[in-house]
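Sharing a structure with you now.
For clarity, chains are labelled A, B, C and D in written order, and residue numbers in each chain start from 1.
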Amino acid sequence: QEDLFVFAGPCVIESRDLCFEVAEFLRELSDRLKTGIVFKASFDKANRSSINSFRGPGIDEGLRILQEVKQEFQLPVVTDIHLPSQAATVSEVADCLQIPAFLCRQTDLLAAAAETGAAVNVKKGQFLSPWEMKNVVCKLRESGCEKVLLCERGTFFGYNRLVNDMTAIGEMKNLGCPVIFDATHSTQQPGGLGTSSAGARESAPVLAASAAAAGADGMFFEIHPNPEDALCDSACMMRMNDFEKTIKRCREIFKIVRQNDE
Amino acid sequence: QEDLFVFAGPCVIESRDLCFEVAEFLRELSDRLKTGIVFKASFDKANRSSINSFRGPGIDEGLRILQEVKQEFQLPVVTDIHLPSQAATVSEVADCLQIPAFLCRQTDLLAAAAETGAAVNVKKGQFLSPWEMKNVVCKLRESGCEKVLLCERGTFFGYNRLVNDMTAIGEMKNLGCPVIFDATHSTQQPGGLGTSSAGARESAPVLAASAAAAGADGMFFEIHPNPEDALCDSACMMRMNDFEKTIKRCREIFKIVRQNDE
Amino acid sequence: QEDLFVFAGPCVIESRDLCFEVAEFLRELSDRLKTGIVFKASFDKANRSSINSFRGPGIDEGLRILQEVKQEFQLPVVTDIHLPSQAATVSEVADCLQIPAFLCRQTDLLAAAAETGAAVNVKKGQFLSPWEMKNVVCKLRESGCEKVLLCERGTFFGYNRLVNDMTAIGEMKNLGCPVIFDATHSTQQPGGLGTSSAGARESAPVLAASAAAAGADGMFFEIHPNPEDALCDSACMMRMNDFEKTIKRCREIFKIVRQNDE
Amino acid sequence: QEDLFVFAGPCVIESRDLCFEVAEFLRELSDRLKTGIVFKASFDKANRSSINSFRGPGIDEGLRILQEVKQEFQLPVVTDIHLPSQAATVSEVADCLQIPAFLCRQTDLLAAAAETGAAVNVKKGQFLSPWEMKNVVCKLRESGCEKVLLCERGTFFGYNRLVNDMTAIGEMKNLGCPVIFDATHSTQQPGGLGTSSAGARESAPVLAASAAAAGADGMFFEIHPNPEDALCDSACMMRMNDFEKTIKRCREIFKIVRQNDE
């Protein structure tokens, strides 16, 4: 692998317009920096803190928008699934299926994702040691998945707080999978606002740099033109305008680490 | 509430014979101790550590056996569901639907369970503070559930280990729900054996007594005539013969606590 | 051991008058309940959060007051030491020397305490597993201490919070020492108020009951006629008037546990 | 600050010969890399897990050796103190006094260190949030210390394990102090070997790089020509021959981070 790859996008598909705005931004950035970027957005947030939170447009409308983004901006697309029955349909549009952290041990969901033949990105559960991800990888591989990606997004550390154990990145790389670092969800303070999660977006660039230095192969960021108005994960999402600087720094660190590893 | 209630059974429906053996034992104990016991067994273990682990007989065969147990031994029955689509079918047999800890934030699963009209027992996620269960309770109540039970089964504390915060019991009772203490899963050491969880069954009676003293309304135990041979959670399951002594002690403590509260 | 023993007192020696007021209360309670009570107060708080916090009257004045309390109310006395050089002097007055949690691994302090011949109560460090207390016990025993007591007062669980692992009580009893449960410091939220610790005194009775059920041999409480005005640990200290009810409940639970153990 | 500074040395003063060997190595490295290195070794390990562990030569002999190292190799020296009474004597030799993590809240120790006029490096307690170090800094500054350094060396995360929260580095820098990252003690698994701590020295280079990316101003490593034979912290100490590569990588990352911050 010669360069850090990037997953980025606006958390949930708030609207076609928002997706197009972010995708256009990412397309331009990808060309200019000559770095691979995968567009990420969710069609359904199935485990929001509160039952009254915005969940997204649903699978049909959501996939339609993702398909348009893909064609219009020539960006590969990643989105998450929540039920085994969604895997096949979603894989018709998405290049990579994502398994949410809370669901990373649901055997049928993993198997259904694997059977599509798509790449599968699994977020490490906040309740799992990195070495327990070995069993997750086995479930996927035995079900036929050939492109497993693992994602560090924080580990439960006392109530309403996560911590990133940077040694987890190497532990998971030892399972033979590229490891992505989810810089924005790592700053989440789950349940910190009562009916929604708090966050600390100002920590995302620092954690991203730190994870790149620890050997991460890819970076995951949720970005938004105006995070304060975002309909989901507002507190931990990164401002679109702050994104380029962070990506550049991570890539420089990535290169130093890879040179040293040779 | 005048007495501690009890959920007990053999984790997974290993066979009709095993279920009958355990149910007969519980029926007799319930009569002799004059205490309410709900029979618990799973038809599917949908998130085992390893893809090669035994999962159970599946929903059709599983519900048939639970129905037989119910009729033959006149015990109410609780079992867990993993997908929204299972809720209605399962509620035709089960008196109480249980939501697994990893799934306790899946909005659709909670809503589907609530809509059956059955009682719903939600295990607190190992990755949640007790006060975040407020949102879970809201999801259920807004979806029509009138009998919400919450269950403490340990909180993530460093890799491969859980801890029970006994103040969580009171926190969750303040949400207006009876709180059950899952004494056997609380001794789990997740991932402790590589491809399965370790456990410390000898701690279950101590933790149960401790939780009764902290105000738990009910107790949950997985029991087996021969835990070493159990097909799931072998390391943390309680020996059937050790069960009566533990229940008696918990009830005595329960009574002291209630007297003092008056 | 036939009954639960109790360590109680006003955290720091705020004044001779306060000590006398609390000691008189404890003397009367001890007689009426026929239970052994040891008077606890510190002459110096050597590790307050802030340099501007009240520290106490110092060793000379402090020991004079403890000596008076001892004679006047015929209560044994426990107090904590912070430097090896204090051990011998303090042991002339105190029946039991206490080692603060942060200092529980300081070899010279343990050795000096052991060499006095007094009983030594060591608080388990918030940063130690219960089984690491084996090394602490060894240090004391090899230095001649014949009466080692261990004290559970919470384990670090995320920032600014402690949790009590109730299985720790049994782990430490297995080292051959009586185990005391410090109910009031267990409710501490270290650093929770910026320049001092927050606390949740309302949890102390619940945790105490829970620890009694888990097998604790003794209980430790900091009490005050008016906790809001206390000069140290105000937020977690128990109101003197609430104390009797809590002690009674703990003793009842203690008896049930011991009967069952026979 | 233009370059990353380095504290390094052999944990405990095993012998004059060992100190000279390590100091000669560091002198040469410092000259060749043109980077500032402070020699670190302890004259007494006052809180070893076991009472039978090697503690060092003691203060008199220890300071003599440190003085020789200083003169012979022209390296500044840092060493840790455990009692207030040691501060003045030690400051006659040491350029920087170090406060051990367990003792970081002992007011008198901090005050005594501050009063010497030397720089003071305080290791963040494993039981403290980074923002609680504000009180530690206040204690030092109010006692006259003008050069406070803070050191991240891991936070308690479940039994027998530490985790580094990389956001702690920025939190502590916000207190106006340079922050050092202790890469080798961060890999400690306290109590992991029963009567001593286990460790994972192979993680030290990764964590060091990660901390440099997170903004650390300095690095702390314990190094040894032959770590397997080291008399203290053998499991987490770094091999002398692996040191140069790690330092170089950290400096490169340091420079990227500082350029970006401009």
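List of remarks:
FYI, a residue touches a chain if its C-beta (ideal position, glycine included) is under 8 Å from a C-beta of that chain, and two chains touch if they have at least 3 such contacts.
Just so you know, these numbers come straight off a predicted model, no measurement behind them.
Looking at chain C and chain D, the chains in contact with each of them are A, B. Of the two chain pairs examined here, A-D and A-B, it is A-B that is joined by more C-beta pairs in contact. Distance from chain B peaks, on a Cα-centroid basis, for D.
On superposing C-alpha atoms, the copy chain A sits rotated by 180° relative to chain C, to the nearest 5. One finds 48 Å separating the Cα centroids of chain A and chain C.
Centroids built from CA atoms put chain D at 36 Å from chain A.
Centres computed as Cα averages put chain A at a distance of 33 Å from chain B. Along chain C, residues 155, 157, 159 each make contact with two or more other chains.
Chain C meets chain B in the complex at residues 155, 157, 163-167, 169-170, 200, 203, 206-207, 209-215, 245, 248-249, 252-253, 256-257, 260. Taken together, the chain D residues at the contact with chain B in this complex read 157-161. Of all residues in chain D, those touching chain C in their complex are 46-51, 55, 82-84, 102-103, 105-108, 111, 125-129, 131-132, 134-135, 138-139, 142-143, 155-156, 159-160, 190-191, 194-195.
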